[in-house]
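Shared between the two complexes below is chain A, which pairs with chain B and chain C, respectively.
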Partner chain A sequence: MRDSFSTYHPLINFVYFVAVITCNMVFMHPIFQVIALLSAGSYSILLKGGKAVRFQLLFMLPLLLLMATVNPLFNHAGVTILFYLDNGNPITLESILYGIAAACMYVTVILWFSCYNAVMTSDKFIYIFGKILPALSLIFSMVLRFVPRYAAQIKVISHAQKSIGRDVSQGNIVRRARNGMRILSIMMSWALENAIETADSMKSRGYGLPGRTSFSTYRFDRRDTIVFLIMLGLMAVIGAAAFMGQNSIRFFPSIRIQPMSMVSIMVYIAYGFLCVLPVVIRLVEDIKWKFIASKI
Partner chain B sequence: MSMKKWLVACGVVGLLVLAYFWGGNIPKKSNPERVSSIASQTQPSEKSTKEQEQQVEHQTEQQATQQEVQPDQTPPAKELPKDGSPKEEPVKVTTDQDAIKEPAKAKTSETPSSKSEVTPKSDQQKEAPPAKTEKADKSTAAKKPEAKKDKYLTDPVPAGKPKPVEWQDVSINKKKILTATLSVTSKSILDNLDDFNPDKLEMLPEDGVIYKAQKVTFYEGESVFDVLLREMRNNKIHMEFSMTPIYNSNYIEGINNIYEFDCGELSGWMYKVNGWFPNYGSSRYVLKDSDVIEWVYTCDLGRDVGGDTAVGGGKG
Partner chain C sequence: MEIYRIKNLSFTFPLAEREALSNIDLTIQGGQFITICGKSGCGKSTLLRQLKSILTPHGQSQGEVLFHGQSLRDVDQRTQAAEIGFVLQDPDNQIVTDKVWHELAFGLESLGYDQQTIRLRVAEMASFFGIQNWFHKPVTELSGGQKQLLNLASIMAMNPSVLILDEPTSQLDPIAAVDFLETISKINRELGTTIIMTEHRLEEVLTVSDRLIVLDQGKVIADDSPAKAGEILHTIQHPMFASMPSPMQIHAGVGSGLDCPMTVKEGRQWLNVYLEDKAAAQTKVTTQSLTTPSSSVAIQFKDVWFKHERGGPDIIKDLSFEVSEGAFYCIVGGNGTGKTTTLSLISGILQPYRGKIMIHGQKHTKWNSKHITAHQLGVLPQNPASLFVKKTVELDLYEMLSDHPLSKEEKQQKVDSVVKLTELEHLLAMHPYDLSGGEQQRAALAKVLLLEPKILLLDEPTKGLDGFFKQKLGLFLRKLHHQGVTIVMVSHDVEFCAKYGGECAMFFDGSVIASHPAEQFFAGNSFYTTAANRMARHIWRDAVTIEGVIERCQTSTSLSRV
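Presenting the complex of A and B:
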């Protein structure tokens, strides 16, 4: 099923991801980290399904554990000494917790970016920035597309070569290596040719010239306004809390955190709602669809 | 377009200037004053040496002191040709080499070191010139062989002080138990509280004493570092260090969670043994019985605790 948050106006998608990723990188508070990690993980699973689950378990979980364990080996600051390493340096509770928080942050940013890639397609990005920064936005969207596009093209070439018995999976090892080189060479010439063609085609269509208009299907309608206002409100609440120091945590030399109060609980709820906003939108849309479908 | 570019360039330059004044890169005013005061102190003592030059026969030593006083100012050209003693030339060469080999030592660190050398000598000149010359001969003789830095970038150790030992070569004799006095203080932070990292305020003891001076036992052959590590561990005081192969010594990054750079960018831990700041790392200082070890926190590269001579190349 199509993701309904992706059908909102590109500006909303972009502002949302900028806000969420910035908050995630700035706020080390454990509750904020947990909220962001859970919602980013669930949204990426909703977007990509089983592939995302495999990615998270195979790569993100080991990465998280590795980063959390490596930090206390090199960082020995903190007042709570748990035990000593062989060389005499202490392992402290603070450095372990800091390692976990930093690893969480890192993994969450990666997850948010994987969601971003699925939601913000290059046409949306160019739609937002094509007028202001035509060259830069084009380069940016092309760069982001490079790896997936070349991977797809290599698959196409490899299938074609397989049909004449020249794939990397056919023949002895020398043969396979030569076939692989041939595929890469075909890929190379295709990439160069494609770049020239793209440039020519963009130029002949007058990309970036003054006075050029472009067609787009995006419309900033009423539901966009509502979501945008909700987002701005939540961001204002979180920003005010950040100004009051509610979202920050100090790890060294001892952990200091603002005591939990009504205000801070409100802020957690606001941040949680901001983070799960796309998931909520999607689920509400799904339920609506089921409701309509069952009536027929 | 070009106008825009100029504007951007001006903006960048303005930002840099602003950062320079705001960010604290501008040299503190206290430093130049201190240097100038030291320079003014050295001047009279130098004069007195000049006056006494006629009386004292051993001019070679005088030469040496004067060159030590002003290595980078104009050398006393008149006096150089005066004395034709053959002894003098190698001494002169070595001092020159010193001056060349230590460009890393800024003027600020060089002048105070010369001050500490000169002032006692001028005192001695007043009371008894012959005794002084003997001492000076010793120092020049001691200087000749070890004028170079060793392979761990340590400057020559002053006469009468223990030479650095590589900790890999030392064998610890567990049968022989000796005692030393150890103390860890950070009193200099109390004078520089506005530079101090506010997060670390809770770690700072009110009187600045982290580990009160007390007798500790150690095995023969152990270094200052070994003693510190054991005592901090036994007293549950936090401490972090890292091995620095280029100086072949452990570098103390922080004690009691008070780290280097926590009190300005010139701050960190230094150590002295029997009142002297060694110019090499603590892992290379092998202790003797009843030594007095003091670990002190400096906020100004050792100048505020009297250890400015040690900071040429060595770390504490």
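Presenting the complex of A and C:
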């Protein structure tokens, strides 16, 4: 099923991921970490289904445990000493907690990036950067066209050479190397030869005339504006709270966090809402769809 | 309204002695559908490229080209880009971007249209060409025919008043080619766009053309309606006549006073009228004059199954067939039925997951360079350019022998004999990439023949060749066949297989459905057969080739006189 958040304007997608990943890396506060970890995890499951569950259990969970246990073994700062190791080094409560927080952060960033990859397709990336540098977007698009094409051609040449006994998989090492070089050399002449026709095709369609525009299939509609404003509002609240020191935590020498207050609870809610925004959008649209479908 | 006026145009490439175009004088009216044909290297492409300044090659030119009454040199680039659409030969090379929608918009972006206009034009074109279903796809997922259609659509989006096409279907399979030509004809009919195209698949295109221009050595030798131009070619005994539609060739060969037929339908009616007062010649008892295959088997497939991936679909299903030694075996069939895969299985590049493949009675397991000498297999790939490695054809041929412990004289002797066989003498000093399609084909074949194969595998050898070179290739293959080489050929070209092939096999759904001697094979099919057979099969079921139908027509005449 298609993800509804992915259907929003690329700018929304991009700003969202920049915001959550930055917040995640800057705010070590445990409540923030837990919120981010849970939302990133659930969004990646929503996006990729069973594959994401397997990935999280097989790789992310061991990584989290490993990092959380390794940190106190090497980091002995902190004032609350729990016990001593055989070699006389202390294990402190602060370093254990710091290890857990840092591990949480790493895992969450990885999860956010896996979501980013699923949502920000090459089209969207090209579009975002095309806005900044129009020439760049065409180059990106051409690279994405030519890399698979060259890869396919190498295969064709290698098959042709194989049938006359000149492939990289044939002969002794020296011969293999020579055959490999030969395939690359054929590839070069092929690419240059064909580039002439590509250039002709571009020129023939007016490439190089002044005043080139850049077309995209995206439109910034009302729905995008609303979500963008909500995102900006939430980000402003979180930013203000960060300025007031609500989001930070000091681990060493002793743990110190701002006491929980009405203000801090408001900030947690704002951050939580920002993080689960794609999930909420998805669920709301699903429910809406079911509602419409039941009416038909 | 005059679109183009070409006044005494001559053109010479730098350092060339001969003029590529000499004294071309043409007027092209708006809305016409013009086909230009001629042998490879006759100046077709050069002429087309004179019609758009940015594509005109360097060289000396005399005379003038007027576009809408204005000298083409004075027409600014922006107008030319929009007004003159140009589709090139290779579908892949023309695509610039990675997504279908982006490619459609490319020209409009260059012209600097705003978002809203581009959106509308792109939508219009996608609907006109039926692209909406693959609008968001990456271009790598498209078939060859779809790619060429995309190239056409992205040019039509700029709304040109004239569309120039340089052999647009030469890289497509027959079905995609017919679809593409249909679309071109639709553009001409429904939008009134002027079409100027060069083409060697004349059978389909002539029925929709208003005018046929034949070029030879840079000169116009015929310029008339297709039927009349065909007659002119016949009277001057021009080799290009061999590329005309079969009904036309039969008509000319028989020499009746009736109107010249263009299509199979007209051909049938023509034949009926022609035979009205004559007794049709008796169907001859098919004499099995084919070289009786020797008892030994060259290639044997036993219940072979193949798939590319573990969970993937089966490409080859329960395939069993035999090719006897010294046979000329043609595999015909639609796209994606596994024909090329079968060739790769024979050559050992791919391995079956079930079943046995025997070459000369030996099971061939893993491929290595020793097997080439052991089995003496030669493979000519679909794209011959992927074999060339050196600066000249001659060096390339010697390179093939670089690993053989032969003396200089022996090597020279071998190369000389192959060069003679493939008629490459005058091309030895050229760069392989500078050769035309047919010449590249022969040079690649020469390379493969230096391995002295007992079995020769050919993958679509007639792709992109004009009628003249096809004939040359056919005669050449026949020569090899007579020398005792076993030939296995995969082809879409029914006419070619009927004319030169020994045994034909119909491939469908990963397996051989039927396999018979060529004449019997095509006589038995009612759809998948040659145009000559479709035209005459209601009278002579077994007349497969043009020559066969002409011969029977002539014998009918003599019968009626008795």
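One rule holds for everything that comes next: the second predicted complex is superposed on the first by the 217 of 296 C-alpha atoms of A that agree within 3 Å, B and C clash if a C-alpha of one lies under 4 Å from a C-alpha of the other, contacts with A are read in each partner's own complex, and residues count from 1 in each chain.
The criterion applied here is as follows: a contact is a pair of C-beta atoms (placed from the backbone, for glycine too) under 8 Å apart; a residue touches a chain by one contact, two chains touch by 3 or more.
Model, not experiment: these values are computed from the prediction.
Q: Mind working out whether A:G78 is in touch with chain B, chain C, both or neither, as first, second, both or neither?
A: first
Q: Which partner does A:S254 reach: the first (chain B), the second (chain C), both, or neither?
A: Only chain B is touched by A:S254; chain C is not.
Q: If you stack the two complexes on chain A, which partner ends up touching A:L209: first (chain B), second (chain C), both, or neither?
A: So A:L209 only meets chain C here.
Q: Regarding the shared-chain residue A:R182, is it in contact with chain B (first), chain C (second), both, or neither?
A: The answer is second: A:R182 touches chain C but not chain B.
Q: Touching A:Q170, do we find chain B (first), chain C (second), both, or neither?
A: Touch status of A:Q170: second partner only.
Q: Touch test for A:L144: chain B only (first), chain C only (second), both, or neither?
A: In the superposition, A:L144 contacts chain C only.
Q: Considering only touches as defined above, state whether A:P90 meets chain B (first), chain C (second), both or neither.
A: After superposition on chain A, A:P90 lies in contact with chain B alone.
Q: Kindly classify A:T225 by the partners it touches after superposition: chain B alone (first), chain C alone (second), both, or neither?
A: neither
Q: Looking at chain A, does chain C or chain B touch more of its residues?
A: The partner making contact with more of chain A's residues is C.
Q: For chain A, what residues appear in both contact lists, the one with chain B and the one with chain C?
A: none
Q: Tell me, which parts of chain A touch chain C in their complex?
A: 122-123, 138, 141-142, 144-145, 148-149, 152, 156-157, 159-166, 170-171, 182, 185-186, 189-190, 193-194, 197-198, 200-217
Q: Could you please specify the touching residues of chain C with respect to chain A in the complex?
A: Chain C reaches chain A through residues 52, 54-55, 77-78, 81-82, 86, 88-90, 92-99, 101-102, 105-115, 118-119, 122, 136, 138-140, 151, 154-155, 158, 344, 347, 349, 367-369, 372, 377-379, 381, 383, 385-389, 400, 433, 447-448, 451, 457.
Q: Show me the residue ranges of chain A that touch chain B in the complex, using the header's touch definition.
A: 76-79, 81, 84, 87-90, 92, 250, 252-254
Q: Could you pull out which chain B residues touch chain A in their complex?
A: Those in contact with chain A are residues 199-200, 202-203, 229, 233, 236, 238-241, 243, 254, 257, 259.
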